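Please see the structure below; I have some questions.
Naming follows writing order (A, B, C and D), and every chain is counted from residue 1.
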Amino acid sequence: METRSVKLSSVDVALEGLEDGQTLIIGGSLFHNKPMHLVREIARRQVKDLTVVSVPQASLDVDLLISAGCVAEVRVPYMGFEYLGLAPGFRKAASEGTIRVWECDETHLLAALEATSRKLPSGVAKAGVGTDLHKLNPDLKLVKDHITGEPIMAVGALKPDLAIIHAAAGDKYGNLRYAGYSFGDLIIAEATRQGGGKIIATVDEVMPNVSFTSDPFRTDISCILVDHVIEAPYGAYPCSSHGNYQFDEAAILEYVNAAKSEQSMRDYIENHIMSVPDHEAYLEKHVKLMSVVAARAKIYV
Amino acid sequence: MSSKNTSVAWPELAAFVLSKELNDGEIGSPGGARSEIPLAAARLAQLTHAPNLMIITSAAGFVTNNVGRPPAPLFHSTTDYRNIYAGAESVLHFMSIFRTPRDWFFAGGMQVDSYGNLNMTAIGDVKAPKLKGPGGAGLSYAGSVARRYFIYMQQHSRRSFVNKLDYVTAMGYGSGPGEREALGLVGGGPALVFSPLAVMDFCDATKRLRLRSVHPGHTVEEVLDNTGAEMIVPENVPTTALPDNDVLEILRTQVDPSGVLQNLKGSRND
Amino acid sequence: METRSVKLSSVDVALEGLEDGQTLIIGGSLFHNKPMHLVREIARRQVKDLTVVSVPQASLDVDLLISAGCVAEVRVPYMGFEYLGLAPGFRKAASEGTIRVWECDETHLLAALEATSRKLPSGVAKAGVGTDLHKLNPDLKLVKDHITGEPIMAVGALKPDLAIIHAAAGDKYGNLRYAGYSFGDLIIAEATRQGGGKIIATVDEVMPNVSFTSDPFRTDISCILVDHVIEAPYGAYPCSSHGNYQFDEAAILEYVNAAKSEQSMRDYIENHIMSVPDHEAYLEKHVKLMSVVAARAKIYV
Amino acid sequence: MSSKNTSVAWPELAAFVLSKELNDGEIGSPGGARSEIPLAAARLAQLTHAPNLMIITSAAGFVTNNVGRPPAPLFHSTTDYRNIYAGAESVLHFMSIFRTPRDWFFAGGMQVDSYGNLNMTAIGDVKAPKLKGPGGAGLSYAGSVARRYFIYMQQHSRRSFVNKLDYVTAMGYGSGPGEREALGLVGGGPALVFSPLAVMDFCDATKRLRLRSVHPGHTVEEVLDNTGAEMIVPENVPTTALPDNDVLEILRTQVDPSGVLQNLKGSRND
């Protein structure tokens, strides 16, 4: 009897095939479960002209890729820092016209992903009817419903080339378990797999396979939807690994403040991305033990 | 703590006013960029007149009811994991968030017009906007399905209350009565607008923005001076009622024990 | 501070409003999680002309309602007893033309339910293209995809009046937890709720609410999707409560054999349904302690 | 147990033949009314040449791999809870069952024609059929998305292998080459048909049913006498190869230790 192969990978192996102009979809939402380690690795590789997708909400993840000059188009229903303000890099690039923005409602993006996940050519949403969204976004088509004839918004299937997600734990075969909410990561993985793309997951820790077989109902994402598992403790930092550790508000504000001038943003990117060869170096340089101890303790209020 | 002689910050007033709009047995989701306010409103409703109200923290799928449970802290974000301690009984699968009923939603916006249409897209030409907004989020979706929704504006100015939106991100009543029905939008549309200055609703007949009450310390004139949108002003406009001490006590000891609302940036206008 | 109201109900209260000609949707699949207690109660009330829906698979549940004369139309993608053979009541009624059959693929029924759950007028599936299904079922409409124009099957939203499901456990507020798989019960509850219908759940046991708040990720169906909870130990018997107790093959075959003549089926229905006033009486009369002990023990192989 | 001199029941032969069609690293679902056979085939493949094969017990969403685990009993139904003991690592949400890839599916049918189209609807007029079938199940769906699928027939007769189906419940190759592509069906169509008498596949050029091998104890003539559907018969038709003792040992000790396949109704033709 042969044995199963494992999906534990290095970042270099996992990111093979990453190219300018690809469509990258990022899991998590707002400040949570953002695969920040991979975001920094992609930024450090200075990939260009990416179409970056995230649903429902993106903040530091997509904004950092924009500030690092990797992005040509943004497809994110809500792009901002919520109670910490607007997304500075996104706002600047949009105002200067250096990025395209795919204006949408979150249900348009979800319809496009769900269509791909079901191998259907398109999906629909009622959202957008009566708005200007389809006038700003040529991929949104106002049509008549097949049965009732009422106005409805159709959108073609979206097929990401690469999905990056972060979970609290995974096993060597690619099964993933979240400590808190998994947000849109499942539909993101399903759409990417069904569309022919690649899925990379970072995990705070690798657990034995028996931890999954002992309670398979607890597995949030099946190994059939994961191509590479990268062990990256605190891999979502400074964002949260939802339910595992809280986000570091001060570290996020450090980025927001750096965005106040081009020089300070260049310095930030040099300091946090270009000058750190790998995740271990990043943790060494930017993450204090006591700050992750605090981020963990905060989980319990 | 005693709440007597403690002035009420406008986010607290917002939570109180909005809580009274929520009925027992309803299901809804707090949202918007300042979601502490609607989250506090919904929890206050649960702990006062609406014990069967169920809160879905939309973006994180927690379904919560805090009745009869120890006070839980209020956090800045509805996506914060720690909302699980406020009586979460179930967690919806992400796609199920869009398959469950909403009697109400909360929405913010950069611009609102006199029919409750909202702009979250951009101020100025979207190709090179003066101010790029965060995007549509789920505003248009929520507006299309929710039985009703509540708009809360963080500023009340001629730039935020306008007659013509730069872009329509989410449709309220469009250009007037009957338009939602004609488009087959099943949701009922916006019910109320809360701002730091006043409470507004919409006239049943015309679907026009209408001044309902002005907050203590402010005047109708001040509201009109800061409103660029056409607004119906009744002959008698009452002052927005403050919470009584019992309700304020519940708000400050059980809903927001750490005083998040009192200390929100720009929360003081006294 | 007021207190919450509870949803624990008697069968009579829960079934108020049940009427001839309504659309009834039944949870579970094949021999699993079928709310047999409620199926018997509905049959005993001799409701007529029901449109009965179940997805993905129905067996004893729907077949018994057909044999009891409650059914006008069947909307079930797979109607049979799997390795135990064809569905005798269904087969007989279909051959005699006493029921209408809504010919479909399971993805047609799911598209119709999902549309309702999302408050959309219709849904689509690729299944059926190139088949005779839409020639046999006027509710299936072969259309051109909104974006690509390729052939696709559209179906209008389906709004059940009443959903009946069975879970291993629930609390007094209506939160449900399954021991095994919940099959299509969630989308069934979502579609029924969003379509304006009523959802009744039987549970093998009522657990304290703290069992749900202590691990809300384990809740399979939220209380917002349940109107009535009926405590009915072994409420799925002779079907399984998936992961809680196995189905009783002998008891199911007893029905299959009874179907061999009209007289023996009349006797079966009299004996199992008409002559038993309530669930307690049913258990007293038809379920031996040792058979449920065995059904439980079988869970562990 | 030693498997020597033990005759192979046709369901065992089916499991063996079908297991060889499954490749390492693939994802698929056993299905059909006699799902013990494809379930055994997939587990046998995992334990022989395809350790990275993942099985999704479609109707119950269990994703399983039994490599390196203790033998698990074989049950009659893929929906049986106890399949969880055969190396279930995850359980798909019900709607996710329709959002995950399938390299292969298994399908049964009441009638199959020479292009692999299937009838599960009815024999005779559907208004008052001689035999009402169980319905479409997920056959048409599976046939539309799976990279390929395998058909196994429990009877091989002129009534089950026909030139014209009473009704087309699931489309195979329709009326010939190019038709699937023209309709935009992304799946590859049927790859193989297994019956108690023979193994059949489909000619690449014509998409016509083609005799591939005849089981031991049966003849080409016998197959043709019992086949109402047009079928390509090559000059040399080999006998279906039996599993060697090692594979039979794995099948009988690790995949089906309790002999479910050997004792299936009608499993013996010796």
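Keep in mind that, in the parts below, a contact is a pair of C-beta atoms (placed from the backbone, for glycine too) under 8 Å apart; a residue touches a chain by one contact, two chains touch by 3 or more.
Quantities reported herein were computed from a predicted structural model and do not represent experimental measurements.
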**Asked** If you walk from chain to touching chain, how few steps can bring you from chain B to chain C?
**Response** 1
**Prompt:** Does A-D or A-B have more contacting C-beta pairs?
**Reply:** A-B
**Complete:** Taking each chain's mean CA coordinate, chain A and chain D are separated, in whole Å, by 40
**Message:** Nearest whole angstrom, what separates the Cα centre of chain A from the Cα centre of chain B?
**Reply:** 28
**Request:** Could you put a whole-Å number on the gap between the CA centroids of chain B and chain D?
**Result:** 57
**Interface hub residues of chain C, defined as touching at least two other chains** = 114, 119, 121, 125-126, 148, 150, 186-187
**Asked** Which residues belonging to chain B are in contact with no fewer than two other chains?
**Response** 62, 84, 91, 93, 95, 98, 144-145, 184, 186
**Residues of chain A touching chain D in the complex** = 1-5, 114, 117-119, 121, 171, 173, 175, 186-187, 190-191, 193-194, 209, 212-213, 216-217, 219, 221-225
**Asked** Which of the residues in chain A end up touching chain C in this complex?
**Response** 119-122, 124-126, 141, 143, 145-148, 150, 152, 154-156
**Fill in**
The chain C residues in contact with chain D across the complex are 29-32, 56-57, 76-80, 82-83, 86-87, 90-91, 94-97, 101, 103-107, 110, 114, 125-133, 136, 148, 150-151, 180-187, 240, 242-243, 246, 298-299, 301
**Prompt:** Okay, in this complex, where on chain D does chain C touch?
**Reply:** 33-36, 59-62, 72-73, 76-77, 79-82, 84-85, 91, 93-95, 98, 121-122, 126-132, 134-141, 143-145, 167-171, 174, 179-180, 183-186
**Request:** Could you please specify the touching residues of chain B with respect to chain C in the complex?
**Result:** 24, 27, 47-49, 51-52, 54, 56, 62-63, 65, 67-69, 84, 87-93, 96, 98-101, 144-145, 184, 186, 250
